[in-house]
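Two complexes come next, and they have one chain in common, chain A, joined by chain B in the first and chain C in the second.
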Partner chain A sequence: MVVTRMGDGSFITMTRDEVLRDVEEGVADAVKRGKIEPLSSDEIEHIVDICCRPQKFVSVEKGNELVLTYDSGTLKVTRLGIPIGMPQILQLYERVFGADSLELAYVHYSFKPIKSIVPEEQYAVAETSLVTTAPLLYGAMPNLPLYTKPDGPCENAAELLPMGKIEEAKRAQEEAAEYAIKDMVFVSSGVYEAGADGIDFDTTAAAGDAEFYATLKATEILREKYPDMAIEIGMAGEFVLGFHGSIEYDGVRLAGLYPHKQVGLAEKAGASVFGAVVNTNSSRTFPWNLGRAVTFCKACREAANIPVHANVGMGVGAVPLVMTPPIDCVSRASTAMAEVGKMDGL
Partner chain B sequence: MDKQEFLDKVAQSVIDSDEELAEQLAKQALEEGMDPLEVINKGYVVGIKQVGDMFECGELFLPELIQSAEAVKKATEILNEAIAGGEEKKAKGKVLIATVEGDIHDIGKAIVVSLLVANGFDVVDMGRDVPVADIIAKAEEFGAQVIGTSALLTTTMVRQQELEKALVEKGLKGKFKTVVGGAPVTVRWAEKIGADAYAENAGEGVNKIMQLLEG
Partner chain C sequence: MALTHMHASGMGGIRTTGDLVARMQLSKKMRLNEAKKYVAEKLKVSVDDLADEVAMKELRQDLDIGDVYAGMGEQARGIEAKFRIAELLDIDINCVQRFLRKTKWQ
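On to the complex of A and B.
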């Protein structure tokens, strides 16, 4: 019997045949939803093999290692209550955790509140860049809802839509997107000029298609302004929610795009790295989620001309939805993303 | 046009979110002496069900879903007036929805509310950042059959547990069925806190609520 988990982290046992069936079903679900190519039978077997290995921690064969990045790095150690400054946290990531890039982030992690403290963040960027050698990104979320009432000046589409005020909801989102673009460009310019190597737009499109639009536009402006700036667009989920429904970028309707379509637009806007996200279904098994996540990510990688880093963490990339992601699943998901998904990084 | 073709056209007007055509077909059905209940059940309901399925598959989005629901509402109002005794089609159930206290995320909740309304439920949306005491008070006032709560953060999902405890303490646990959802919420969490159901997404939320009300 194979000991594995459900997407909510609980342990289950399955036979190898059951694992195979679930991986195949996960692949089929991705194919159906994304209208993408399935994995080959050899690739499916490889995933089954990764799931069925008896070791608690599994890894890649030599030569298949990936670039390893972390988002919101400085926040994760701060949350543990360890009294330590941001530069020291990033030194730990670089020298202890083996991170290949570093991300400095303010505790609120959204562009809107950061705009008023940019000088402080510039100081942190400058200080960190003096004591680390890995590429230093500054990360934050576009977080469009912060521009809507009661937190911002625009009307709240989440209140307008259920009332049937569709045009008003669309206009409110477009207005919020313009505010978000300004803040993203302002903050990103500030930290880049203070010495950061680039910016990570993290959890992009969490509020749907208008937020994805804002991020793409901000990327476009920054790319023109700073040709050498590294820009990562990391997504919030596998599917761009059609909360606006008809907003377009470069003539493409953004609602309903899956990773293999998202990456093309990120590329056009000027992104250097794309962070693909596939959500974990907590009611399905880890093998089902893994087959599904790898199918989506592989299709994304094949469609991309820029590096693709798969998100492998709590509730994404097949990792169960638990506070401390279990290493048996994290290591298996990472291995499958490298060896089957052919990712450039994690 | 035979009856089935007419009913297909009715369903298509809903799928196309064509409010004007949906209303016009309702009037035409009455003029031609068709059974209003049959037109509702085999035309408009079929259409809105397909809209729900397309939304679930990502082929259609929230604004279209709402427009379709609005088309059904207006057309069925016309037909309901003609139903014998003037009795309107009853709501499928009364549902109170809120995002828990400390949590300001309301997009997922908005989708659930829209889907419930589209499926004929009477819904009270209390908004976001709502204290447990307010949820219970409103549920009593509204006569809710189901309370649905959303939490997007691991730090706020404990409020769903507080709601369950408060319902037990007040002797209201059997009176209101509870459904929980939100990004960090799982079926295991629902079982742990004693919620009656867990919904992975908005579509499942509607199905679970229907099951709770049938049960």
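On to the complex of A and C.
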């Protein structure tokens, strides 16, 4: 019997045939939803093999290593209650965690609150850039809902939509997008001029298509302003939610796009790296989620002309939706994304 | 989780050459194999060597581009190492350019 987990993290046992069936069903679900090519039988067998290995921890074969970028980098230590500064946390990432790149991130991980503390963040970036060697990104979330009342100046689309005020909800989101673009450009410019290698727009489109639009526009402006800036657009989910419904970028309606379509727009806007996300279904098994996630991410990688880094963390990239992601699943997802998805990074 | 990924599939950062390959992806939009090949050519090693901690530790020491150990060998670190990496990889590094501007060396 194979010991594996459900998407909620609980242990289950399956036969090898059941694992194969679930991987195939996960692949089929991605194919149906994304209208993409399925994995080959050899690739499916490779995922089954990764799932069925008895070891707690699995890894890639030598030579199949990839590049790691991070989201909310320094926060991962801050939220553990370890009271050390951001430059020191990133020294630990570099010298202890074997990080290929670094990400500096403030506790209020959104552009709107960071706008008011840019000088302090610039200091942290400048200080970190003196004592670290790996590429340094600054990360934050576009987080469009922060621009709605009572926290911000715009009407709340989530309140307008249930009242049937569709046009008003659209206008409110467009207004919020303009505020968000200004803040993203302002903060990103500040940290880049302080010495960061670039910016990571994390959990892009968490608030739907208007937020994706805002991030693409901010990327476009920054690419024009700083041709050499590294810009990573990491998504929030596999599917761009249509809270607005009709907003477009470069003539393409953003609502409903899956990763292999999202990446083309990120490229056009000027992104350097695209972070593809596939959500974990906590009611399905890890093999089902892994087959599905790798199918989506492989299609995205094949459609891309820039590096694609799959998001493989809590509740995404087949990793169970838990606060302490189990090593057995994370290492298997990491291995499958590298060897079957052939990702450029994670 | 960062440690799990590093052990399962990561290149190893400055323990090996992961930082250099990452730099080529981020600054030049190179895909993984292209970035590995570019770095291997610049370092005059094979692509297979790039994630070897032993060989790359010695090479980083020879090139003086920093590794995880500080002290003793007087390895370049931080901004010092990045000056050398920019020259080695034939790229501009933003904080190095800023350093040059602020110290009026450029």
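The working rule: the second predicted complex is superposed on the first by the 346 of 346 C-alpha atoms of A that agree within 3 Å, B and C clash if a C-alpha of one lies under 4 Å from a C-alpha of the other, contacts with A are read in each partner's own complex, and residues count from 1 in each chain.
Quick note on the criterion: contacts are C-beta pairs under 8 Å (C-beta built on N, C-alpha and C of every residue); 3 or more make two chains touch, one makes a residue touch a chain.
Not measured: the values here are computed from a predicted model.
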**OP:** Specify the outcome, clash or fit, for chain B and chain C once both structures are aligned onto chain A.
**Re:** fit
**OP:** Classify the contacts of A:Asp228 with the two partner chains as first (chain B alone), second (chain C alone), both, or neither.
**Re:** second
Subject >> chain B versus chain C as contact partner of A:Ser101, first or second or both or neither >> reply: second
Subject >> Contacts of A:Val330 with chain B and chain C, given as first, second, both or neither >> reply: second
Subject >> Touching partner for A:Gln262 - first (chain B), second (chain C), both, neither >> reply: neither
Original post:
Regarding the shared-chain residue A:Leu321, is it in contact with chain B (first), chain C (second), both, or neither?
Top reply: first
Original post:
What is the contact status of A:His244 with respect to chain B (first) and chain C (second): first, second, both, or neither?
Top reply: first
Subject >> Partner chain(s) touched by A:Val60 [first = chain B, second = chain C, both, neither] >> reply: second
Subject >> Residue contacts with chain A in the superposition, chain B compared against chain C >> reply: C
Original post:
Which partner does A:Pro145 contact after superposing on A: first (chain B), second (chain C), both, neither?
Top reply: first
Original post:
On the overlay, how many Å separate the closest CA atoms of chain B and chain C?
Top reply: 17
Original post:
What does chain B use to touch chain A in their complex?
Top reply: 57-64, 66-67, 69-70, 104-107, 109-110, 113-114, 117, 125, 127, 154, 183-184, 186-189, 200
Original post:
Which part of chain C faces chain A closely enough to touch in the complex?
Top reply: 1-15, 18-19, 21-23, 25-27, 29-32, 35, 47-48, 50-51, 65-66, 68, 77-79, 81-82, 85, 92-95, 98-99
**OP:** Enumerate the contact residues on chain A facing chain C in the complex.
**Re:** 57-60, 62-70, 76, 93-101, 126, 129-137, 192-198, 228-230, 232, 272-273, 305-307, 312-314, 325, 327, 330-331, 334-335, 337-338, 343-346
**OP:** Spell out the part of chain A that touches chain B in their complex, as residue ranges.
**Re:** 6-10, 33, 145, 151, 156-159, 161-162, 164, 166, 169-170, 207-208, 239, 241-246, 255-256, 281-283, 315, 321, 323
